[in-house]
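As written, the chains take the letters A, B, C, D and E, and residue 1 is the first residue of each chain.
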């Protein structure tokens, strides 16, 4: 079940996390003994039952949380705090209510180098970029509204834009399409696929939608129910570039079924 | 497209809503010309593209928002403010961070009569009920944690419990299962189905999952993209009681496909 | 809606008028003597008679207060930042600042006068000393209670503490910051006036004691009214800035 | 972690000690005379000598302050409720309250004495008048900026305005409410002391002027120290209650 | 059945308040069936106001302040009246440091003077100026406790203040008595009366006997205070534990010598006034304080409640 040579881009080595001292003392871990290795540019998906530790995994991978035991190396360096080259869309949209949608999307450019240094100078250019991005997720006309004037699904899309705007080397998406209808969702799958194909950044995608995972990812990890462990690693060897049609092909459907039965077994056990 | 005799339990009569004066002045409505009638005890589902006005519809149905034009009657009375017999699970879990999960679930009993009057006296009993409810959605062991110590899906489940605890005559669920994995979701479908079968309250369910809509509802309404109108009303004539097996039957799959192609057409148009 | 807006515009004036009328009626009905509580008419009378003097003293008090208050904003915000973003600083400084703040600043004026001489120095310092605390407390509370979810949005970008404060901490606590300014400006006026009451030849505080000792209670009250008017002007200024910067926070049913 | 806790526990004492030492060194080095700024040693000396008297006066000031402060909490919260939950009340009352609050309460003490005589009356009222405003402002701001999403959770149940205030408005603004209490308690002490300085036979304020006019500056400062200590005690009380009731709000990185 | 009397002092509990605290402590008022409560004050102006408003029945206040009140509030229904003179001379004085070269009143012209706005000496300064032909001066207002410091530090050239207060305060600030130059008002042509016992008109009407009884008991106490100031201070200490006994005893002695047991007082009789002198003072005050109306000396003073002259003969002989 452990995998990967030590030269991976993301390396989890026997990582355990308890959320606080107290829980640690009681040996209540949110994730247990996670070991995995992701190569540079790999697109992985994580699936697992609700509450199993997927979001926790994301916090570990960005350095927002440090492991209680074990170690995490990303890009060869040990993670000791938040990384500077990631983009993350949280499970809740977490948009800042005092900023308009476009200003929310611009936020990373105000923080992250090299944009930060020339943000004032290039503001117009960056804003145009943010607006284009918002348009590409169907939010044209809502750029200057406040987040609380958007619907739930719109907020989620704005949050995805915020994760993407600064072209991060590592993109983390925590159930980014959960609040979207099937059609919008599939459009965004393709948007994401295209971006990734162009730029070959690393992606970690948490999702409950197995079709989504199989359609987008190179590798799917299945986590056990809480406390989360990695139960299974499934490489998706479907050819790329993939198209929505592939989701109706037999190999695709088979993989989805395989994963589903696995998870069903996990839940039973 | 208009439907229903005037004796329905929920009656929307040419309802339009703009969120504020300004938008009204610009004729920008969130929902337009909604007319529908729901009979007592009916289970309806609403589907439609992201941002089309589903959550807005829910706010109208509970009286949180009053129509800019048209009228809404519920239980025979014109709606002029929030109703007292509804339970609602919002799209965001909206749990109060200063209350533990079980205290969040108890909240409606502190507000709504007849529970309110004897809340102090019967607190133990009510708390036991809340805990049982939380257990039934798989949150045993998390009752005394704070909402921010729960995962996204767990928060959503707690929010559903809060909507149910006071046995409302009308239950409104805004994408209640969006953050759950397929298995947990299907379990909760059945939990909801059983409750509804026993108590025959009215349910309005907003969802992006067509299988969910068809499996649970008596009637499915399809809304157009923003500004939302009701495009189609589809009665689900599948026999009751339904079981998960039914989702693999041909009539079921056909209805789902029919709806899907409809929505696809809507989006295109 | 428009009607509501107009109502709100006039509400403070209506209330003010009502208070003044009740006050006048009580004074007239019970024949309250001037030395006990002067009537509005009498105050108005004195206001007109001494308007030149009152204006001169008011202006002095106003600018002195503004200097002290400006200092208080700068220091209050910085201290609030420090206390709100470090648990250790919070634990170390908060109790001592509370203790210091409970001391009547009037007791320090003589010391300040001895150090800085009679003049603007003691008044500016008193206004500052008395008014920075509410600002500090509100900024500190706002920062210390920042939702980690919002904080994480920035932290995940590798943002520095300062970025988090400026981009999330401050904006989120802005409504309470304005609230604290409204408290602080009133205290700043009190500080200036108290200092002027202790040692000065100018300012409303001086006017108060000299009118008081000459038993011109009407004039003393006219001076108080002048301070009240200045505070109201500052309030309107804050309210105006607040409206333009924190509309997002006032979007509840209350605002509808 | 444990180390951190211990550090926090001792931090205020360490800081206090540092301040006292610097103060003593400055006083000794520059031979600052007692009537300009007494040294800590001198204050300590006087503290011991007059401990009985100081204790008696402190007790008086303490309970008078508590009565006024209790009043301020009740009235401040109620007013805050009214202003925070009605736009009209907000528009009408806020500016006038700001104006009123900018008046030095010391100016009203003589009037209060005329009404109530020398005794607890004026002191309690001054403590109250001076300290309710920050409470009102914070409650009002907390309520006026309530997120409609949270409000809707209750409104959808048909909850009355009062329910919304009690179940959501108050708890959500609790951290700022405590902040305002910390400001208000300091002001309440100031109010009592100022009133006692103007009209009293008892209390720290009386001790201050009495010692001051008899050139016993060491004793006057010992009185100030006593007020500071009382304020710190109250601070610790609030901090303790706060810790038990608003842990949920202090869960950010700052708390970690 | 005792008659309650609320009594307002002009100032805090200091040496001179022994005149009131001693008879309270020794039960002289009780013996007259009076229940007297004595409250500290913060200035004669306030004491007059509080008696006038009815908050207090009787008080101790500067005669000039009382006159000013009468003149400025002609319509006030309950104007207090002075019933017994205690400080036969105003204790007001001008202080300067010898090194400043101010030797005579005329030297004050053009100088900077410091005092609180309400200070009796400052308010009466125009009378002093007129009596001594002093040119215009510049005033700086400050808190009472500050003025001696400001003088000692040289921020002002001179101050006005009560003789027994400012002298002691200057000494406490390390100024040697030899370096201080004092100009007492009474010795410079300002023959104003000082503090008197005042009572509200209403109270006088309702309880004339009580007022008489009060003055009797007070006189009995005053005799003992003058005879043995040291013992009297013990009663002040009893009331207010923080006072410095030695300092207050000196203050009391200075007050007795400079304002109470003066040659004029002996001549006029303790507690009484000399009507022409009072009338002169009334017209001086009206001028100096620029009051709204003239002052009728008979309205501010009544000798009707004084104990008989023999009873008031309390000054030790010889001294």
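Just so we're on the same page, contacts are C-beta pairs under 8 Å (C-beta built on N, C-alpha and C of every residue); 3 or more make two chains touch, one makes a residue touch a chain.
Note that this is a predicted model, so its numbers are computed, not measured.
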D-E or B-D, whichever has more C-beta pairs in contact: D-E
Identity of the chain that, by mean CA position, is farthest from chain A: E
Whole-Å separation of chain centres (CA-atom averages), chain C against chain D: 16
Chain B-chain D separation of Cα centroids, rounded to whole Å: 48
CA centroid of chain A to CA centroid of chain B, Å: 29
Gap in Å, rounded to a whole number, between the CA centres of chain E and chain C: 40
Junction residues of chain D, two or more chains touched: 36, 110, 114, 147-149, 155, 212, 246, 249, 251
Chain B, residues touching no fewer than two other chains: 92, 148
In chain E, residues with contacts to at least two other chains: 49, 53, 145, 149
In the complex with chain A, residue positions of chain B that touch it: 19, 47-55, 91-92, 138, 149-154, 157, 174-175, 178-185, 208, 210, 260, 263-264, 267
In the complex with chain C, residue positions of chain E that touch it: 43, 45, 49, 52-53, 68-69, 72-73, 75-77, 116-118, 123, 139-143, 145-146, 149-150, 153, 155, 289
Complex interface listing, chain C residues touching chain D: 4, 7-9, 11-12, 14-16, 19, 36-37, 84-88, 91-96, 98-107, 110-111, 114, 133-134, 137-138, 140-148, 151, 155, 175-176, 178-180, 182-183, 185-187, 189-190, 193-194, 197, 205, 208, 212, 220, 224, 227-232, 234-236, 239, 246, 249-255
Interface residues, chain D side, partner chain E - complex: 33, 35-36, 50, 52-53, 56, 110, 113-118, 198-201, 206-207, 209-216, 219
Touching residues on chain D, where the partner in the complex is chain B: 149-150, 152-159, 163, 167-168, 171-172, 174, 246, 248-249, 251
